[in-house]
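Two complexes follow with chain A in common, the first pairing it with chain B and the second with chain C.
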Partner chain A sequence: MGTRDMMPSFELYQPDTLEAALDLLGRFGEDGWALAGGNDSFDWFKDRVKRPRYVVDLTGIEALKGIRETADGGVEIGALTTLTEIERSDVIRSRFGVLAEAASKVASPQIRNTGTIGGNLCQDARCWYYRYGVHCYRAGGNTCYADTPEGQNREHCLWGADRCVAVSPSDTAPAMVVLDARMVVAGPNGEREVPAEQFFIGPSIDITRMTVLEPGELLTAIRIPPSWAGARFYFEKVADRNVWDFPLVNIAAAMRVNGNVIEDARFAAGAVQCTPRRLTVVEEVVRGQPRSEDLARLAGQSAVRGATPLNYNHFKIPLLQNLVMRAVRDA
Partner chain B sequence: MAELLGKDFVPPDVYGKVTGKAKYAEDFRADNMCFCRLLLSPMPHARVRNIDVSEALKMEGVLAVLTADEVPAQPPPAEPILTNEPLFVGAPILAVAAETEQLAQDAIDRIRIDLEELPFTVDPLESLYPGGPDARSEGNVVDNRLGGPPQVKRVKWTAADFAAAGEDKLPMGEPLAEWSYGDVEGNFAKAALVLDETFVTAGMSHHSMEPRSAMAYWQNGKCYVYGSSQSQSFVVPDLANYIGIPVEDLVYVAETCGGGFGSKGTAYPLMSIPAHMSRKLNGRPVMMRISRAEEFYLGYARSGFQGRIKMGFSAEGRLIAVDMYVVQESGATVGFPDWPSSGETVSILYQPEAMRWRGTSVFTNTVPRTAQRGPGHNQTVSITEPLMDKAARALGIDPLEIRRINSPDMNGRIGGERTPVTSCYIREALEKGAQAFNYAERKARSGQRNGSKVRAVAVGQGFHPAGFFGFDGIVRITPEGKLHIHTGVGNLGTYSHTGTARIAAEVLKMSWENCVVERGDTRKHLPWNIGQFGSNTSFTMARTNYVAAMDALAKLKEIAAMDLGGSPDDYDIGDERVFKKDDPSTGLTYAQAAQRAIELGGRFDGHEPPGDVNPMTRASVLALAGTGLIGAARDNLPVTGQPAAFTAGFIEIELDVETGKVEILDYLGVADCGTVIHPKGLATQVKGGAVMGFGMAVLERHIYDPQNGLPGNVGLYQAKPPSYLDVPSVMRADAVDLPDPQSPLGTKGIGEPVMGAGSAALLCAISEALGGHVFNRIPVTPDHIVNVLSGRGQSHRPLQVNTA
Partner chain C sequence: MAENPRDRDVLGYPEPRYERSGLSDLASRKATRRQFIKGIIASGAAVSSAAYLFGCSSGERAVAPAGGVERMLTLRVNGQERHVDVLPNETLAMTLRYKLGLTGTKLGCDRGECGACTVLIDDVPTYACSTLTHQVRNRSIETIEGLEGPNGELHPVQQAMIDELGPQCGFCTPGQIMSAVGLLRANPRPTREEARLALSGNLCRCGAYDHYLNAVMRAAGQSAVSQA
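This part shows the complex of A and B:
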């Protein structure tokens, strides 16, 4: 067992420009840590499980804050924008409601007031064994405690197990996937854009990271194209508690409906694999079909094909099935 | 006619609480204070082979290391202060003091500790199986019933016991205790309906918002401890013992307590660590702040049950036979006897014609257990109330009706001894609640589905003992004309320190503005009172404050008769005067009488304390001697039977059959707490208790990895006590408000059954929404509900414990 609740010392840097922050993080490499709202970071620090020598506090960088409408009818959201700002933003509520809804379901009002969209998207796995500080695969060790016959893996994955069975804990990530958002990544070699779906990575790509971000890189903004603006949206999160809880399963959906026919759709689920799971099979099933109870049921059934439960999480199969059904039926 | 009872008041400590000025243990400061931190066991069971502190002690600012060898050993299975044989993950092995907390922790990181792993278990049944692991080297079961020292034994059931039960029914081997009355087998034989159910209730943390921090120093041979406890006087003897000093050398300050729920009812070994460390540092003040996660590791928890209950009903719904067996998960130390309460609860709530109860209590290498709000009682109703509904459904009887048929009246009896109760108005509570909740009309639409949601209406009951007797009271009337009520009861947060003090004011017909409640600090000279636990204060300390006030009243009359002629019986009181009945203008003010008491001395002003009070009370009375008219007495009022409190909870929910989520739409709790002392305080208990019950019913539980003994939910976000949005924004509370005839002013406790009623009502409603499916397990979480609705089995086996 590690220490609990006693933060060690570190050197704190508070740059006010992105360039300065990147310079610092580039210099510190593996010893550096980018800090935004702190809701994820401070837990790690207080338990002394992650012990960076240098912490770069990004919250002084004004350029990374705020929601800007773009000329093409989309929006660009600075990575340091708080979840509360997103939840309350008129433009996001009116055009990309699925994201406002997802943001409003994160944790608690207090956490949403300090928590940033960048932090919510980049947060680390919430597997309780990993958070406990055990030396598992994800922590650089050579075992998984959760994926064993007796492992307590109720919150873990249905798909994509690869030594690690942790899931994506984010509520906003599936919304970003269905909106075809593009993640703006800045690093020593300049800026690049990564589609949301490719931004998140599973253990088969890198078991110690949840995103494509390399040490020294930062998520600076999220660009949401106008393609799904004003679509019919659905977001639902099922958790044990209604506040301050991670999803057992969440679902985000965007649909273009003409008359009663679904012309196109995006579906993504959270907490069922290590990345938000784009449900392309559901999109195939519903595309071009009139909305109906039957279609909703079929869509739900299609969503869970191939799911491989662990010993304590098979409930996620009917739960995901029902959430997809509701998305098609109730959106 | 009561002037104060039944009326709201502003508790004197409430201003401090809402402004932040109230001091909790970690808010106290002393000159030159340093800090200590604990090194906690990373293993569920181990032996310390070697500790190397050399690197730690070399660090500048690190002051001392305190190990188990330097503190008084506690007789097993009592919880040690520090240990060389940690019995659970998080057991404190040593403490380090340093100039800052962070430095103390940095020093702990440099301590090299060599631990030898020992066998461990997190499942009582595994330990009871032949050859199964013992959580302690001394044995695996503990008879921890109150009233004698705990007895540790090694008990293994036979393989045949397990085989006879089959995998999913509780085997019932050798019990630690049993009782029975009536013709159990005969009544089962003639029962129209027999249920035989195996069940599991999860262990869960107390989650007191204030962790069990403590600060201590030594001055002029006395040890000063600022602690977090729900009790005051009751803590002192045991804490003095943990520190190794006589009671009179301990100054104990516990002004406010940020919640205990049973986990801070008595002294606990941990709170003595700063005192020991301070002694090592020549009396330098030492602050030990316990963190949220540490509070989970060593801050106690409720015991879980693995149990089995067979219930036989007549065709008319009368419970005529019960056979119950409970295996308690007791943690690795002495634990708390929740298990006997299971049988007592069933026997009083349903008055079965014949009943057998058996139980045992098994060590596991998990967090230490102690009482948690309704220990045993609330686990039990969470299981049996849905089973009463199951029987009602099978017999075609309304759930409220089957409770009416079986509920006790004033002649109710408890347990194998068939102990009578001092009072019982659960029938009246059910009746009052049914009317106020509009039960019949709402029940008629229970089970109706709207879209994916099913409405359900249900009722649940709770029971808990409600008082003790035989403790002491002290009141003091000063020459300024003020009534000081000295209470040793503690400040759990219920304000019963003041609620029960008002009983003394009521007896002496004092205006409340002229009353002062003295509490929270041994230097206030407090009487020997039992702790603030067990829903007892509104009975116990109602009696102590009553007898002390009656003693003061007698002295007032005696002094008046002495000075003004006649006999004491010729005098009455009113308007803070003692006066002649036939000539009210002849009399003394209380201030004058107090002055006369001081002049008279002896028993009047405390120089001669009563002979039958506790030494602590005697010392306090002597310390107060000469400051006024002292009323002091031991509660020798007669009592026959067990004070008992009940609650009926009425609930309406909506269950989403597609997500397994449950929304509570409405809740009403009706308390049988005797005469109501403090309506606002009562409403807070009824509603707050129900919220805690909702957490027990559908959210909170221990998770332990059986392979490593690691606890799975050490933070509030993982352990999931209910949040604001998990409970109705408006809840309702009411009371029967009928007096307990054995309490001088009719009052009795209520803090615990209010939780059981909430838990039971919610679980009954969930079963109702699911067409009668009974889980026989708490908590019932959305995954369990989804699994039932989708026709899947549960992930856990019926007897598995500590699972997600």
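This part shows the complex of A and C:
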């Protein structure tokens, strides 16, 4: 094996406050890039597909790290907190276990040791045509290479295709949706809070972005309200390999069960459309019902209504159906 | 590590250096790969900044945008202070292998997908191919070369790898060992399952996984067989 090449050069900035980082990113505009653990970014750089001139390393901003319990019984997680910290956090494990479980399924131990929750939620699409650097719709062109008769689209979407058929690759995003998390976004005009469900956007809204973040904005924290603390949770990820591979489908669920009756529930699936898919139909099917095999089966069937498979991803339909069934049954 | 005080003020940097006009032109800073390699050959392990200084006169440097990294770093590697000139876009694997001569850290995929480059940063297993060297200044960096004792005695994990016939081709072995050492420091008595998870970010093309796990259990003072 030959030696490896360097990634193309850039200037590196290591601010230690959020204000400084926002200021730098504001000045650099299109030429700037926010860097956290780099596990998504370096691929882009090494492949020379994205070539920012100025990279702003956020990992020195201590204020954006760590998990804090809030007065209302929820938690606030700094965007620069690593996935390993989340996976191991006692408070997350005991009260919001679905997130700890989701974080523990990302990539590999080493990637979780440096990969941040912010980077995991803000990561770009993993469609390999796009990652390869072809001029597809998402890259500003006018073709989708995955959605052609020969296109290899086994990993692609069941819903929400709009020129682009890429999916949300994140394992933690569905858990955030299920927990009704709120994303704290900071930018030149101050701070705003966006519900997790609205934070992610599909190609019909903006085909070149995966989130509502505008250039120059940063995700600073994730606030998880106490509403689902201590609920029954379920997370399962199906991937080709247990390590490194992105989800083919993942499912996150939270349920309040009283006696055997499901009083309320949240379901969200990843890797089936460009955003985590909140399964409101499933929630309606199970709400107020006693848990049973029949209910689980019905919930599974309802989850896949309206799914529109591509040439090679039909398997995702029974996969999602089974995952929802298990979640209802085993949470 | 002594930091240049010019680098930081309360906000992390002094304001006047913000001027966009002051940003040095990247085009003039390009070093070709050939120059890069020549630089290394010319100056041995630690490359002097002059060997491939990126067309950046001291005048330009003075007005470089504030907060931009200083290239001369002091890294703490295997308990030693190493002075080294590090490019902003340089991965730790590049610095270790090509600047510090620590070639025990392997580069397999250079994409975070194999684990051959695993080193310990403050005892935490980390892919050196997916970490910028500038991100780990002020941290403790440990490579396979740092494991043996002062008289060359092998680390218990290294010895156990030999005793259990761990490696086949050996390419993935330094990474596997670093993951195992990281595990045992955090959890000296792991179960075999915990060891399996801890080594799961290290591919072995030869499929020597079971041997590696046997070695980890042996190093932890546990019989490989009884811990199935």
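The rule is short, and it goes like this: the second predicted complex is superposed on the first by the 325 of 331 C-alpha atoms of A that agree within 3 Å, B and C clash if a C-alpha of one lies under 4 Å from a C-alpha of the other, contacts with A are read in each partner's own complex, and residues count from 1 in each chain.
Following the convention adopted for this analysis, a residue touches a chain if its C-beta (ideal position, glycine included) is under 8 Å from a C-beta of that chain, and two chains touch if they have at least 3 such contacts.
Only a predicted model underlies this, so the values are computations on that prediction, with no experimental measurement involved.
Contact with chain B, but none with chain C, is seen for A:N322 once the two complexes are overlaid on the shared chain.
Of the two partner chains placed by superposition, A:E76 touches none, neither chain B nor chain C. In the superposed model, A:D162 makes contact with neither chain B nor chain C. By the touch criterion defined above, A:E11 lies against chain C but remains apart from chain B after alignment on the C-alpha atoms of chain A.
Of the two partner chains, chain B is the only one touched by A:T148; chain C is not. In the superposed model, A:N242 lies in contact with both chain B and chain C. Legend: residue contacts after superposition of the two complexes on their common chain; A:N39 is shown touching chain C, with no touch to chain B. With both structures placed on the common chain, the touch criterion links A:E19 to chain C but leaves chain B unconnected.
On chain A, the patch touched by chain B and the patch touched by chain C overlap at residues 1, 3-9, 108, 242-244. Every residue of chain B that touches chain A in the complex is listed here, in rising order: 37, 40-42, 89-90, 101-102, 105-106, 108-109, 291-294, 297, 452, 658-661, 699, 703-708, 710, 712-714, 716-718, 720, 722-726, 781-784, 786-787, 789-790, 792, 795-796, 803-804. Those residues of chain A that touch chain C in the shared complex are 1, 3-17, 19-20, 23-24, 27, 35, 37-39, 42-43, 45-46, 53-55, 57, 59-60, 84, 107-111, 113-114, 242-244.
Residues 1, 3-9, 47-48, 108, 128-129, 132, 134, 145, 148, 150-155, 236, 238, 240-246, 248, 311-319, 322-323, 325-326 of chain A are the ones touching chain B in the complex. Chain C contributes residues 8, 11-13, 18, 20, 23, 26, 29-31, 33, 36, 54, 65, 67-69, 87-91, 93-94, 98, 107-108, 110-113, 115, 118, 124-127, 129-132, 134-135, 179, 197-198, 200-201 to its touches with chain A in the complex.
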